[in-house]
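Please find the structures below.
One chain, chain A, links the two complexes that follow: it is found with chain B in the first and with chain C in the second.
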Partner chain A sequence: MQDTIKNLTERFGASNMIEKKPGLIFITIEQSKAISAVTYLRDIEGYTVLTLLTAVDWIEDNVFQLTYLLNNPEQITEIGLRVMIDREKAEMESAHHLWPNVEVYQRELKEMYGINFPGSPRIDENFILEGWNDKPPYRRDFDTKEYAENNFFPRPGRKTNDPAEYMKQKMYPNNPSDYTNKKYNPNR
Partner chain B sequence: MEEERKDKFLAPENEIRQVAAPDGSIIEVDPLEDYFTQERPKPYKVRKGPVENFLNWARAESLWVLGFGTGCGSIEIPPLVTPRYDMFRFGVQMRATPRQSNVFIISGYLSVKTLKRVIRTYEQMPSPKYVMGLGSCTINGGMYFDSYNTINRLDHYLPVDVYIAGCMPRPEALLAGFAKLKELIKEGKGHKANEYVENFDWYKDNQKKVINDWNMPDYNW
Partner chain C sequence: MEKSKLFTLNEDRSLYPEHDENGKPIVDLSSHKFLKIWQGPQHPGVTGNMSLELTVSGDEIVESKTHVGYLHRGFEKLMERRKYIQCFPTCIRMCVAEPDPNEYVLSNAIEELSGIEVPEMAKWLRTLVLEMARLQVLLRGVPGQAGTFALGLGYQWGNYLRDLILDSFEELTGGRVYHMYILPGGVRGLLPDGFKKRMEDKLKLIDEFMIKIDKLIFQNVVFESRARGLGYIPKEWVDVYGVYGPAARAAGVMRDVRKTNPYLKYSELDFEPYTTTDSDVFARTEVRYNDLKMTVDLIRQIMAKMPEKGDIKAETPNVMHWKIPKGETYSKCESSRGEYGMYMVSDGSDKPRRVNLKGPSYTHANALLDRLLINANIADTAAIMVSLATCPPEIER
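Entry: the complex of A and B
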C-alpha cells in the first residue's frame, strides 16, 4: 500500500492523501494523468475491481470531483482517486476500455451532472430520464422544488412543520422549555 | 405530415418499416396508422332506472385488479392475495393484463417515466374502469412533492375514483378502499372512465406537459 502511494505521488503527481481508515485511502490526481493512473493501478498494482465512479458538485470552487473507487481483492484495500474537473467545461476521458461497466456510470454522470465522456458507448442515449430538457438534475444550481412547482400541478394547502418545534408543542404544550431540559441520554 | 413525424422522435417499434407478408411480398407498415386506431374515444352508454342499478351491482361485485405496481405501495398488494387478508372473499382478484381487468391501483409515487406506461395501460383497459390512488404520493406528491421526477397530483392525468391516504396504507386500508369503491359504483358514481373521455383534451394536455418525448400514439385502445 505504501509503495503504491509512493509510486502514485512520484510518477503521477498525486497529492492530498487522506487515510480514512487502514486500507481506505483517498488521493487527488490531475485530470490529464487520471486515466493512466487508473490503468497503472489496475494492471500493475492489482486494483482490478472498480467499486464505483461517482461525482460531487463543488459549486463554490466551480469544479466537479470525480471519484474512481478501486478495490484490490487480494490485499483487501481500496484507493479512491479524486479528479477535479472544470465545471464549465465538464468533460473527462472515458475509461470504458478498462472495465465495461464504466459505461453505465458514465451514462449516469452525463445525464445527472452533464459531465461528458466523449467516445463512451451509448453516452448520448437516455439513461433513466426520458426526454429531459432542463439543467442536469444533480447539479446543485438546479432547483428541484421550483421545477416540481412549475411542472407538476402542486396541490394547494400543503403545510410543512419544523419537526423539533412541532414535537415541542405537541409534547410540552404548557412549558416548551421542558423539551430542552430533557436532553437525550443514551445511558438512561 | 412527415416533418411532424420527425419532431416526435418515435419509439423504434412505431417507425414505418418494411415487412414480409405471408405470400412473400414486401409491404410497408406504418404502426401508428395500421396498428392503432385514429378515432377519438367515445363514452359508453349509462342507462337509467333498475337496469342501471342491476348493472352497477354486477360491476361492483366483479373487480379485477391489474397487476401493475408503480411505486413502493405495490408491496402492500401481495398480502391481499394471501390467506391472512384474502381479497378474494370480497370478489376482488388480480389479473395480469389490462385487457382483462377494470381496476387500476396506482400504488405510491408515480415517476414521469412510469406515468407514460400507466397512461398507455389505462387506455387499454375496457370501460367501465376504476382508478384507486394508493398512498399520499398520489394525492399531493407525499414525501416526493419536490422531486423533479415524480408527479404531484394523479387526478390531473387520470380520473381517480378512490384515494387511500397513508404512507404506506396497510392492506386493511386497501380493503376499506375496495369497500368504498363498491359503494360508489352501486350509487352510480363509478363512471369516471366517461369523465376521462369527455375531458380528453384536458387530460392529454396535462399528460403531454410532463411527458416531453411523447413517442407513442395518442389513442391506445
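Entry: the complex of A and C
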C-alpha cells in the first residue's frame, strides 16, 4: 500500500493522506487528475471494486467533496479518493466507462446534489425524485423542515387539543367548572 | 420430462431488436414486435417496492430498467440534522428485514472516529446479535427463493421459525424487528437467564427444518428445472458489477467480510463460508442454505465461547452533548446479502456532516439486474431478483 501512495503522490500530486485504520486510507486528488488516478488504481494497482461514490457538501468552503472509495480484493485494502470541486460550477468528469454502476451513482448525485457529469448515460432521468423542481435536496442549504412546513402543513382537518381541557369538555359538557368543584377532583 | 423442454428460448433471432453502436437494443414499439410492461412496484419478489420497466418480445425480456423511489425517506439527510444518538432510530429503518448491521456500522463508525475501544463482552454480544439477525433473514430468504416459483410451503415454515428468533430478540432487547441493542461503546444489556438454553431448543428445531428444506427445495424437480442455469453471473462480472456476499460466492469468488476483514469476534470462531461455481439461481440458493447452516453453528460456537459476565459498555460522554472529532471513516460488516458499509464524515460538531450507507442492493438491483434479465423469461424475473437479495430501501435510503 505504501508503494501505491507513493505512486499516487508522485504521478498525480495526491496530498493530505490520512490512514484511518489498517487497510483504509483517504487521500486528496486534484479534480483534473482524479479520473486518471481512479483508472490507474483500477488497472495497475488492482483496486478493481468501486465500493461507493458519494459527495459531501462543505458549504462554508464553497466546495463539494466527491469520495471515490476503491477496494483491492487481493490486498484487502481500501483507498478513499477525495476530490474537491467548486460548488458554484458543480461539474465532474464522468467515470461511467470504468464500471457499469457508476452511471447510477452519478444519476443520484445529479439529482441530490446537482453535480453534473456530462456524458454519463441517463444522467438527466429521474432516479428517486419525480417531478422535483426545488433545490437539490441533499445540499446543506436545503432546509427539509422549511420545505415540509411550506408544502405539507397545516393540513386541513387536523387540529390539536389540550388533553385536560378536552376531557373536561367531554365529561362535563354543560358546566366544565364542575370538574373543580365535585368529588372527581383529587386535589379539591 | 427433459429439462430443456420446460422453457426454451426462441431460436428465431430475427424477432429480436438490433443493437446500436453502444450495444443498446433499438426498440421500435410501433413495429408491434415488442411490448413494454411494468413489473412492480408490487410484485412477487418478496423484497420491497421497486419497479422494473421491461421490454418484452413474446414472454422473453429484451431490455430492463430498474426504477426506484417508492421508499425514499431521505434518511441520510435527516441524520445530518440529528445528534449522533438520535440517528439510531432513523438508521435502523434503512433495511427493515435486517436492521442490526445498520446499528453495528453506525456504532462502529462513531467509535472509530472518537477512538473508543469496545469491551470484550460487548463484542461477543454484538457478534451474537449480528448472527441472530442473519439467521432470521435466511430462515425466510432461503425458502422465499422457492416461493418465487410458487412453492410457498417452505416460506410458511421458515416464517414460523423466524418468529421464534424474533421472540429471542424481544427477550434480549425488548424489540422484535427493530432492536437498537448495539449502541456506541457497547451494547444495552447482558443475556437474560436461561437465554442460551431456550436458544439451543430453537436451533434444534431449525436443524430439523434444514433437513425438510433440503427435501422440499433442492430435491424438487420443479425448483431444480427452473433454477438451474437461470440468472448466470460470470466470475469476471463480480468486480465489474460490484457483486457481494452469497451472489459472489456462488460465482466462486470469496467475498465475506467476516473472513477477509475479521471484525468483532469472528477471528476467534471456526467457520469457512461455502463457495461454489455454478453461479445460477440454484447455486445462490445453495450458498444461502449453507450460510444458514453455518450461522446456526456460529451461534452455538458464540454461546459456548462467550463469557458469562463482563463490562458491556465503554465509558462515553453524555450522548446529548457528544461532539465527535473531525474526520471520516468507512465501517463495514457482512450482512446476509453481502458487504454492508457506512461512510461517515464528521465536522467536529455533535451531528454528522454526512452519512452514506452502501448496501449490496445498490449494485445488485441496478446495473447487474438490468443485465441479468436480458433474455430471461418474464416468469423468472422474481426469482432472479430474490436470488440477488435486493432490498430497495437500501438503494434509495
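Throughout what follows, the second predicted complex is superposed on the first by the 153 of 188 C-alpha atoms of A that agree within 3 Å, B and C clash if a C-alpha of one lies under 4 Å from a C-alpha of the other, contacts with A are read in each partner's own complex, and residues count from 1 in each chain.
In this section, a contact is a pair of C-beta atoms (placed from the backbone, for glycine too) under 8 Å apart; a residue touches a chain by one contact, two chains touch by 3 or more.
Nothing here was measured: the structure is a model prediction, and the numbers come from that model.
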{"item": "Touched partner set for A:Ile76, first chain B, second chain C, both or neither", "value": "second"}
{"item": "First (chain B), second (chain C), both or neither touched by A:Arg155", "value": "first"}
{"item": "Touching partner for A:Tyr147 - first (chain B), second (chain C), both, neither", "value": "first"}
{"item": "Touching partner for A:Gly23 - first (chain B), second (chain C), both, neither", "value": "second"}
{"item": "Partner chain(s) touched by A:Val49 [first = chain B, second = chain C, both, neither]", "value": "second"}
{"item": "Touched partner set for A:Val104, first chain B, second chain C, both or neither", "value": "second"}
{"item": "Touched partner set for A:Asp57, first chain B, second chain C, both or neither", "value": "second"}
{"item": "Chain B versus chain C as contact partner of A:Glu130, first or second or both or neither", "value": "both"}
{"item": "Broader residue contact with chain A after superposition on the shared chain, chain B or chain C", "value": "C"}
{"item": "Chain B/chain C common contact set on chain A", "value": "128-130, 137, 142, 144-145"}
{"item": "Complex interface listing, chain C residues touching chain A", "value": "68-69, 72, 74, 76-78, 80-81, 112, 239-242, 255, 260-261, 327-330, 339, 341, 343, 345, 353-354, 356, 358, 362-363, 366-368, 371, 396"}
{"item": "Complex interface listing, chain B residues touching chain A", "value": "112-113, 116, 139-141, 145-153, 156, 206, 209-213"}
{"item": "Chain C partner contacts - residues on chain A that touch it in the complex", "value": "18, 20-21, 23-24, 26, 48-52, 54-57, 65, 67, 69, 73, 76, 78, 80, 99-101, 103-104, 126-130, 137-138, 140, 142, 144-145"}
{"item": "Residue ranges of chain A touching chain B (in the complex, touch as defined)", "value": "128-134, 137, 142, 144-145, 147-149, 151-155, 158"}
